[in-house]
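Below are two complexes that have subunit A in common, paired first with subunit B and then with subunit C.
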Partner chain A sequence: MKQIITENIPTAPSKHVAPQADHADGTRTVMRYVADLRAWLFLAMLILGFEVWSRFSFGGTFVLNPFNLQSIAIFAVAPLLLAMGQTFVIIAGGIDLSAGFVMGLAAVVAAHVINWANPIMPMPMAVLTGTIAAVMLAGVPGMVNGLLVSRLKVPPFIGTLGMFGVARGVAFLLAGGTTVPVNNSFFAGLGNGRILSVPYIVILAAIFVLLMHYVLSYTRFGQHNYAIGASAQAARRAGININSHLLRLYILSGFCAGLAGVLYAARFSAGAAQAGEPLLLDCVAAVVIGGASLFGGSGTILGTVAGAFVIAVIQYGLVFTNVAPFWQFISVGVVIIISVLIDQTQRRMSGGRISE
Partner chain B sequence: MCRRAILAAANAAIISITCGLSPAPAADRKFTVALIPGLTTDTFYTTMRRGAQIAADALGVELVFQGAPDFNPVLQVPVLDAVIARKPDAILIAPTDVTQLVEPLRKADDTGIPVITVDTFIGTGMYQIGSGNADFPLSSIASDNVLGGRMAARALADAIGGEGAVFVANNKPGISTTDQREEGFKTELAAHYPKVVVLETQFNENDANKAASQLQGVLARHPELKGVFGGNHFSALGAANGVQQAGKSGAVKVVAFDAPSGVVDDIDRGLIDVAIAQHPAEIGYYGVMSAYAHLTGQSIPVSIGTGFTVINKSNVHDPSIAKYIYAD
Partner chain C sequence: MNNLNDNIPLLEVRNLSKHFGPIKALNDLSMVVRRGEVVAVVGDNGAGKTTLIKALSGVYRPTAGELLLNGKPAIFSNPQQAREEGIETIYQDLALADNLSIGANIFLGREPMRRAFGFLPVLDRRKMAEAACSTMALLDFHVSRTETPVSNFSGGQRQAVAIGRAVYWDAQILIMDEPTAALGVPEQRKVLSLIHKLKAQGRGVIFVSHNLQDIFAVSDRIVVLRRGVLAGERQISETNHDEVVKLMVGG
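Now for the complex of A and B:
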């Protein structure tokens, strides 16, 4: 996973310049490269810092230990998948607060459907059925979010907060207030197996990330996304159907959360309604650290990948270097603030709008 | 009417029961007992509710179950207030804070509603002693979480042969039950297992993903790790997955606190070695029984301790053990 990502760094920024920046002069473009790269620089500095730290305090290596890399990659999968949808939504100027509980809902649905399908079909078919059912169902709260935001003009923060509650309640009702165990060895193997020492879920996540990167950077859908986030007015006048775009956007976010939920159920052999609850803030943080602006119009998938790894590396690294647990909160908080400060400074320097 | 409408929203269930009843108890009236859990979204409390319902059905008592979705006094107190406003005959509550729930519960006591705490407690948990500001509840019905922690320590120490490094994977600090389990765990190891080294506790905020990652982080740093105690369900689930991902199943022993239904599979597959089950159904059952005894003029014990059951591979399918697996 790390390999794939690293190879992509140099080519990443040039492809994701928002449409409104097309006519920007050279300096501004350079500033954008720096901004897009800053999450990766941050990540590199962090890894270097932990490497030095562990060599001094413990005489061992941090980053050259394949076990550490594997652990960090597994840890990052769930927040990263949630953050994929969130990146799209935030770039378009919205936010999806329901993502965490939609993930839990999908995990519970996947568990139930697979348990139901187990006796009547072969194991892999049951898993496929459960996966499709869970991801499709996760699209439903996404669709409601989209309708609320696009047709009924409910602010995303409020509309998705409502769905946060609805998805949470439905998930707990379906789960009967408990965790739903899944008994399917194929599913458990998918969640915990590996090929050439790379876990399947990490490979799946990497493929999904590349797909999302393609959609955001190389398709009309992605370009419309930037345009709407930069200025909904201008996008409308340019003939973009904003309502239908927003609808598809929130459904996409639901699908991402659904996939995260299925992988959770595979990994822990259980669906839990609260599976994604702690991940919501992590996924928003990953997007922001990755360089997206909460005001919309900027951000990249690869930046978000770096953002998710920044959080994962901090949390894992502080356990590895044996730091008292509460420093984790402080460190992640400080990193978020620093990233936003860098973002604001860069915008001011490049003459861009600071708040809109 | 307006006030009633608001309360109806908060607690629709009670209305149909108490509406129209005069405040003075009729000789043959049906008692209403409210059970307020620490949170509604935890299988421990839904199991407690099942036990309470069984007692309520047996006694012809109406049981009302209302609570908040998170274990948090800020969310629990409004639920409590709404319940008090409907004047049930008794309140069973799992208080979410030892001090913050004292005054809100005193309101119930002042209104003449007897209070019994279940699982968690207020003040010191010593009631009816005539001193302190939190001795008004009639009874505390709970498992001794310090003892549960000690049992977990013994189970883990025995599983690793009495020596090696272990750590506690826990939810977050400040929750009386999980804090006590950790305390009991460490006390027991310090007292009786001098060769067991206890590493820094890792807090995962009930996130299994984080618990798994923390297990791997500790393991990377301390390859000699022999065992982990998961202080609650998601801590244990995550730690067990971390052990599995690291390919250390069997080499790193996992002791879990609590026994929701998934734990059976986890023990079967060797992910979890030992589960310490509390008896939440028993807590609910004796909660309603005690309330009824008090309401019908009997005296009740100020403290009822419910036990634990150690579940492992050898007994997990024993029918006499199955009743301790949590379920609605």
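Now for the complex of A and C:
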């Protein structure tokens, strides 16, 4: 007892005491790297596979063909934008099932508003008005989702499933059950034009992805998002306002879906309620393949980018190699399952750890 | 430390009561914690230990009685206030975000920012990592890889991280709820040596535990609760296991 009381307060890192080294064994570290980079590994293998296939069957290149690259990038834009919001939501331990139909809703709203604005303002102004209206309106279902999940403690799966139905119905009602054509050449130019053979919408999506990467990895909002996904209790005790975070989170997801809807409408010069219907599962898949865990707490924007490209390469590659389209579903499904298995293995290995 | 500070206790609890309707969870309890002192609080289930912790950490408003910090009356209406006054509670579940680094956990909810390229506000990860290294070094836990998530660390090391967070924000009084309960024997020893460190740094520790062995190894004084009232208070050097158990069960 005595010697403890007289012990000096250590001032600097005192090396004389045997350090309690933090440690991790090698295999686990390797497994973690594989898990973190799995989307990029999939992507590399797929590109390599299609390249070989293409050379043998057609004697031509797959990946070095600029037209193919452009098509893949355009394929990836809409699911990637939806997946941006979904990445945030899934890292926080939630899910947003309404994203697909909110995108459709936004596409219809953008089409209507641009048509309404065309006669009374210059074309670019009409496009801007339509874009702002559609993105803002897409924030409304996001806000309702956020209120349901944060204030009323509705499980995200159920709350956003309800909004899935509401957004779908409203979108079809607004569209009158059909597609809404837009007559605005500036809008069509935005959706189909390119600079140095890079499509505008791909550039816009890339800028948006960088912005989301910044928000997730370099701001308090992103940091709190990870903390809430790992332990809401820890975040609450640290003084983070979880309710307001969740609200902003689902509004962000709504905005992402809104932007995806506007770019869809630009590309096809039409708004369609069913625009995002097949993209909901694609965007969740992109996030999961990209390394996020559906249990929350992990995932990155760059991983999701890789995940979205994995799906786009599978879809476009199978079209390119002239395989029956149904194989797309099977391949994407298999990739999702493998991806989740890798995540589970990594999780088990780190969870089963006991102190020395 | 001057004499004045030595004489005024860090924390004084005067006639504290907390009633839930007719149930007197805590009744007329008085105790003090001085600088560099470890006070153990023991008692059977339902003795009022948890109620006491929650009243001290700002979760409950006491029904009657008062708290004095450094001789000045203090009223906490929420845990944030208690924390700002230097009372940090470390719960059994530690409240760490497992996927974040030590530094990120220390700063969780109050992250430091810097400007990248002179205009873009970004998280100051370097500051967080440096704070993690220097704070954990105070607890003799030398961190080599500062970006490793805390889930990679052992139970005792995670306990050290939770304590380190309190130390970084300059907590003067640490309330520790069963800090050794979920740990293996070597890890328990590490936590006990952490408590010795805190004591040597002049902080006050309230150590709530069931484990009499740990209590006798680390505490200066022991406060025994029974059914919400003070059943006895002893200097560790003047008592033994048997007496404490008798006080607990009312023999």
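As a working rule, the second predicted complex is superposed on the first by the 316 of 356 C-alpha atoms of A that agree within 3 Å, B and C clash if a C-alpha of one lies under 4 Å from a C-alpha of the other, contacts with A are read in each partner's own complex, and residues count from 1 in each chain.
Everything below uses one rule, namely that contacts are C-beta pairs under 8 Å (C-beta built on N, C-alpha and C of every residue); 3 or more make two chains touch, one makes a residue touch a chain.
Keep in mind that this is a model prediction, so the values were computed, not measured.
Novice: Does the superposition put A:68 against subunit B (first), subunit C (second), both, or neither?
Specialist: In the superposition, A:68 contacts subunit B only.
Novice: Scan A:229 for contacts with subunit B and subunit C and give back first, second, both or neither.
Specialist: Only subunit C; A:229 stays clear of subunit B.
Novice: Per the contact definition in the header, classify A:153: touching subunit B only (first), subunit C only (second), both, or neither.
Specialist: In the superposition, A:153 contacts neither subunit B nor subunit C.
Novice: Looking at the overlay, what does A:325 touch: subunit B (first), subunit C (second), both, or neither?
Specialist: The answer is first: A:325 touches subunit B but not subunit C.
Novice: On the A-aligned overlay, A:220 touches which partner chain: subunit B = first, subunit C = second, or both, or neither?
Specialist: In the superposition, A:220 contacts subunit C only.
Novice: Check whether A:268 is in contact with subunit B, with subunit C, with both or with neither, and answer first, second, both or neither.
Specialist: In the superposition, A:268 touches subunit B alone.
Novice: Touch test for A:315: subunit B only (first), subunit C only (second), both, or neither?
Specialist: A:315: touches subunit B, not subunit C.
Novice: Common interface residues of subunit A with subunit B and subunit C?
Specialist: The answer is that subunit A has no such residue.
Novice: Can you name the residues of subunit C that touch subunit A in the complex?
Specialist: Residues 36, 79-80, 91, 93-100, 104-105, 108-111, 113, 116, 120-123, 133-134, 137-138, 140-145, 148, 151-157, 160, 183-184, 186-187, 190, 196-197, 199-202 of subunit C touch subunit A in their complex.
Novice: In the complex, go through subunit B and note every residue touching subunit A.
Specialist: Within the complex, subunit B touches subunit A at residues 40-43, 45-46, 69, 200-203, 205-210, 212-214, 216-221, 233-234, 237-238, 241-242, 244-246, 260-262, 264-266, 269, 326-328.
Novice: List the residues on subunit A that touch subunit B in their complex, please.
Specialist: Listed in rising order, the residues are 58, 60, 65, 67-68, 70-72, 74-75, 78-79, 168, 172, 176-181, 183, 188, 192, 199, 264, 267-270, 272-275, 277-279, 312, 315-317, 319-322, 324-325.
Novice: Taking the complex as given, what residues does subunit A use to touch subunit C?
Specialist: Interface residues on subunit A, with respect to subunit C: 4-5, 7-10, 12-15, 17, 19-22, 24, 214, 218-220, 223-224, 226-227, 229-231, 233-235, 237-240, 297-298, 350, 353-356.
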